[in-house]
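Note that the chains are named A, B, C and D in the order they appear, and that numbering of residues resets to 1 at the start of each chain.
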Amino acid sequence: MDVMHENDLVVIAYRDKKYLKRLEKDKSFHGKGGILPLQSAVGCPFGTRFGEYEVFRPTIEDIIMYGVRRETQIVFPKDAFFICLKLDVRCGSRVLEVGTGSGALTLLLSRAAGPEGQVVSVEKEERHYKNSRKNIERFADFPNTEVHNTDIDEFNADPFDAAFVDLREPWLHVEKLRALLKGGAPVGFIVPTANQVSDTLQAIKGGFGDIEVMEIMLRRYKTLAARLRPEDRMVGHTGYLLFARKIEAVRGMGAGEAEEKLVPEEPELTF
Amino acid sequence: MDVMHENDLVVIAYRDKKYLKRLEKDKSFHGKGGILPLQSAVGCPFGTRFGEYEVFRPTIEDIIMYGVRRETQIVFPKDAFFICLKLDVRCGSRVLEVGTGSGALTLLLSRAAGPEGQVVSVEKEERHYKNSRKNIERFADFPNTEVHNTDIDEFNADPFDAAFVDLREPWLHVEKLRALLKGGAPVGFIVPTANQVSDTLQAIKGGFGDIEVMEIMLRRYKTLAARLRPEDRMVGHTGYLLFARKIEAVRGMGAGEAEEKLVPEEPELTF
Amino acid sequence: MDVMHENDLVVIAYRDKKYLKRLEKDKSFHGKGGILPLQSAVGCPFGTRFGEYEVFRPTIEDIIMYGVRRETQIVFPKDAFFICLKLDVRCGSRVLEVGTGSGALTLLLSRAAGPEGQVVSVEKEERHYKNSRKNIERFADFPNTEVHNTDIDEFNADPFDAAFVDLREPWLHVEKLRALLKGGAPVGFIVPTANQVSDTLQAIKGGFGDIEVMEIMLRRYKTLAARLRPEDRMVGHTGYLLFARKIEAVRGMGAGEAEEKLVPEEPELTF
Amino acid sequence: MDVMHENDLVVIAYRDKKYLKRLEKDKSFHGKGGILPLQSAVGCPFGTRFGEYEVFRPTIEDIIMYGVRRETQIVFPKDAFFICLKLDVRCGSRVLEVGTGSGALTLLLSRAAGPEGQVVSVEKEERHYKNSRKNIERFADFPNTEVHNTDIDEFNADPFDAAFVDLREPWLHVEKLRALLKGGAPVGFIVPTANQVSDTLQAIKGGFGDIEVMEIMLRRYKTLAARLRPEDRMVGHTGYLLFARKIEAVRGMGAGEAEEKLVPEEPELTF
């Protein structure tokens, strides 16, 4: 059986609150459910209930929500989970992130890219760069992630399988972004305002295809079986998500002669 | 440069529609954007635009939406992406799925568990079992998935890191489910009706902790920069999601003496 | 020009907050926008801006939100506005309300029924009865409303044009409700939980037709032109709304002979 | 008892569909529930069930949805109900509508303003003007409504208690609109795109206060008691709603001396 050891990272759930803690000797958890000496949990299986407290192994959501030190607005799990899989990140992917922020999404991308994959994240603000580095060192599963303290326009690398952009003015960096992506590679953006969505849409058309704009809304329910009802309050907005894929080339539709003519006469890329 | 080869699986995007196709020699794609001889794409980079068509490498979402042959309602990407990461599935996870259905979520779990992981899926209906096997054979990235044509109550295996349940009456199988999960392991359920949510909540309380109920709503926007607006129609409901984690043991809160007394006098597990 | 007079009821808006006040001599409004002597507004037109304060004539929404003294959960404007018109209340309607609560919806029904109409509201709890009476005396436009401190099952009156029910267990009073409604008259219910929706649906089928269940969600936006975005937080739930219309009679479909046979042999009402 | 007469307007409900019909002699209703000779309903009470058909007196919602002949996108009931009461329209109100369209909202405003009230609606397009006139003649409860076939900028009248604007470019008419409103009077706008919201917000600031932007979402549920669940599909968007109130004057906050100074030195109205 899988038991908890001293210094393990755990999440303590109390009603609908959660706390990320390390099982340090001689420390106690003080909450509304009373005092829990953390030593009590050592040797118990993960998933042990102590009074009203429940102690679990932290999930990536627990780490993002309760572990990451936030110096910026983070990409919340409802959006992060969607982004990560919408961008088709998988074991072995090489992913670019523009705008590391506090590194919350970075941790998820690192997890999804796996030990064979790679995450390269670019953050212009030195303060956020430093904070995100600490969060990544503390919480990343695999040593597959590097953060660069630079402006995306100064950054060069081989093209990536996918990219995610969390910048205030993503439309200023669209050409650079194209240069950093493989043909057909998916890219995602998050922006808080409708005006930014319009500006980004304007900038990416032509050079990107399969453009989508969407919002993810998460509605939570109270968990009493006999009184099932949504929570009174919910998150009304985090950000608008845009997704697209890089157009690498434009060709004529015909096979054979027509295409032969097209290719030498016109530049393959028309952007 | 990464170019398309004969027999590659591709997704063809035309406005807001997509089609999953294999680049078979001498075949053409006939759509509202005209006839595209598939041979034209061979040798072009992924991400090539032909007239109004755009040809990309399929993402897991493309495969779920346009590749999987559906004999059942599938778990749609908006829910599947959330479930997969909420259950903390990562490279190396061993995951149980109860109710394979058409295998759409299975493919995503397989992808997320990676080459070192394992997905075990149980499907009672022989017809769905056969169909899901075909979908998995056709589309899985890794040979890490097995489907069993059996009732979950007849199925035995070592405990799993996580489980997802898509059954009509999940409340009938809660004890079995607990037996198949490691201590603290997350479990998810999808059910279409509020009545099923209530019944499941009633059944899991006690044996599971950190219980959450939620819905994920995806709202799409039209992508004209100068006329940004949500789509007129949206999906109003797919299913309610429940998440919980297995409680493995119940203990007293004190360290030392108090606990010593508790443990021998009462059975450790109270379920 | 329409100017403010001493003792007028006004609403003072400050950013996204509002306050209902009477323009009493020698009193001041103390808010984050500074001190406004209420005397300043006397003689000014409705719609005058004083610094960051704006002073308006209160709408029915202002009165419901900032005037009504709440001893119960009220029916909020997003739902109340919908209910009132869905029930087809108009100048001259005779409307029954079961469960006056604090009288917020009562005020709206009174307004909509107009001077020729009538609102009869029934409240079992003496405390709420008294409070709602005060709210109605203070804020109603027309003397068209009576509140009865009684259980609905004890209440008798001529049948109404429409009814609204805000009770914990509406399913216990369905027969009584039918007796108080004209043939075909619309009825609405509000209940907070999904379980109550199911129980009410079960109780009204047969005796009511055209049954609908719905939720109204109101999503507010920040009002900066250059940074348009939804509010971060929103109301996630107030209540589920049910609407139906009383079935008065059941008949055969044919004209003439078939119907002649049906009517005398079977009771016209089959409930 | 209130029975149906020949030539009465009725709504026939069949499952979740509705049909507005006149009880014309010798006509039948042909639907999926069979053939119903309309003569059968004459003499029966409103709220009679014939097989699977249910026959009711039409509500204003029935008339808007199934009666009004649409030549334009209409303001749907979920929005119309909210608008009407948000604008504080009541028995006796004088209301301006700019952009009559097909007259659906006009009918609701007419109903709410009652026999003592007045609705003045302005429509530039002759074709829509004619169609809306027909709808209003056919369905209005009271002869309190006039439609003018003119551009709002050419239109003059005494100031109104409230106004609603449904135009493509409302920001071009803001000064005119102010001239047509009483001090503090509420105004509403509906626009389909986020870009139009931004442009309208930009235009109304200063001259209007208490500005709000919102969306109303209506989520319908299936009505089986034992299988309660939202409908699979829902309306994702009709329009964004803006509300504001006319600022008539700007004054200093102090009473007495300070104000005396302010008023003569600066013009009272600064727009």
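What we mean here is this: contacts are C-beta pairs under 8 Å (C-beta built on N, C-alpha and C of every residue); 3 or more make two chains touch, one makes a residue touch a chain.
Predicted model, so just to flag it, every value in this text is computed and none were measured.
Novice: List every chain that touches both chain A and chain D.
Specialist: B, C
Novice: Quick one: which chains contact chain C and chain D both?
Specialist: Chains touching both chain C and chain D: A, B.
Novice: Chain B and chain A are one sequence twice: same or different residues at the contact, by the over-half rule?
Specialist: Looking at both copies, the contact residues mostly coincide.
Novice: Between B-C and B-D, name the chain pair that shares the greater number of C-beta pairs in contact.
Specialist: B-D
Novice: Centroid from C-alpha atoms only, then distance chain B to chain D, rounded to Å. What do you get?
Specialist: 44
Novice: Taking each chain's centre as the mean position of its Cα atoms, how many Å separate chain A from chain B?
Specialist: Roughly 19 Å, centre to centre.
Novice: Check each residue of chain B and list the ones that touch at least two other chains.
Specialist: 194-195, 197-198, 219-220, 226, 228
Novice: Note which residues of chain A are touching chain C in the complex, please.
Specialist: Where chain A meets chain C, its residues are 192-195, 219-220, 226-238.
Novice: Please give the residue numbers of chain D that touch chain C in the complex, ascending.
Specialist: 1-2, 13, 18, 34-37, 39-40, 44-51, 53-57, 59-61, 77-78, 80-82, 84-88, 90-91, 108, 111-112, 114-115, 141, 182-186, 194, 197-199, 201-202, 205, 209-226, 228, 240, 245-255, 259
Novice: What part of chain C is in contact with chain B in the complex they form?
Specialist: Touch list, chain C to chain B: 194-195, 197-198.
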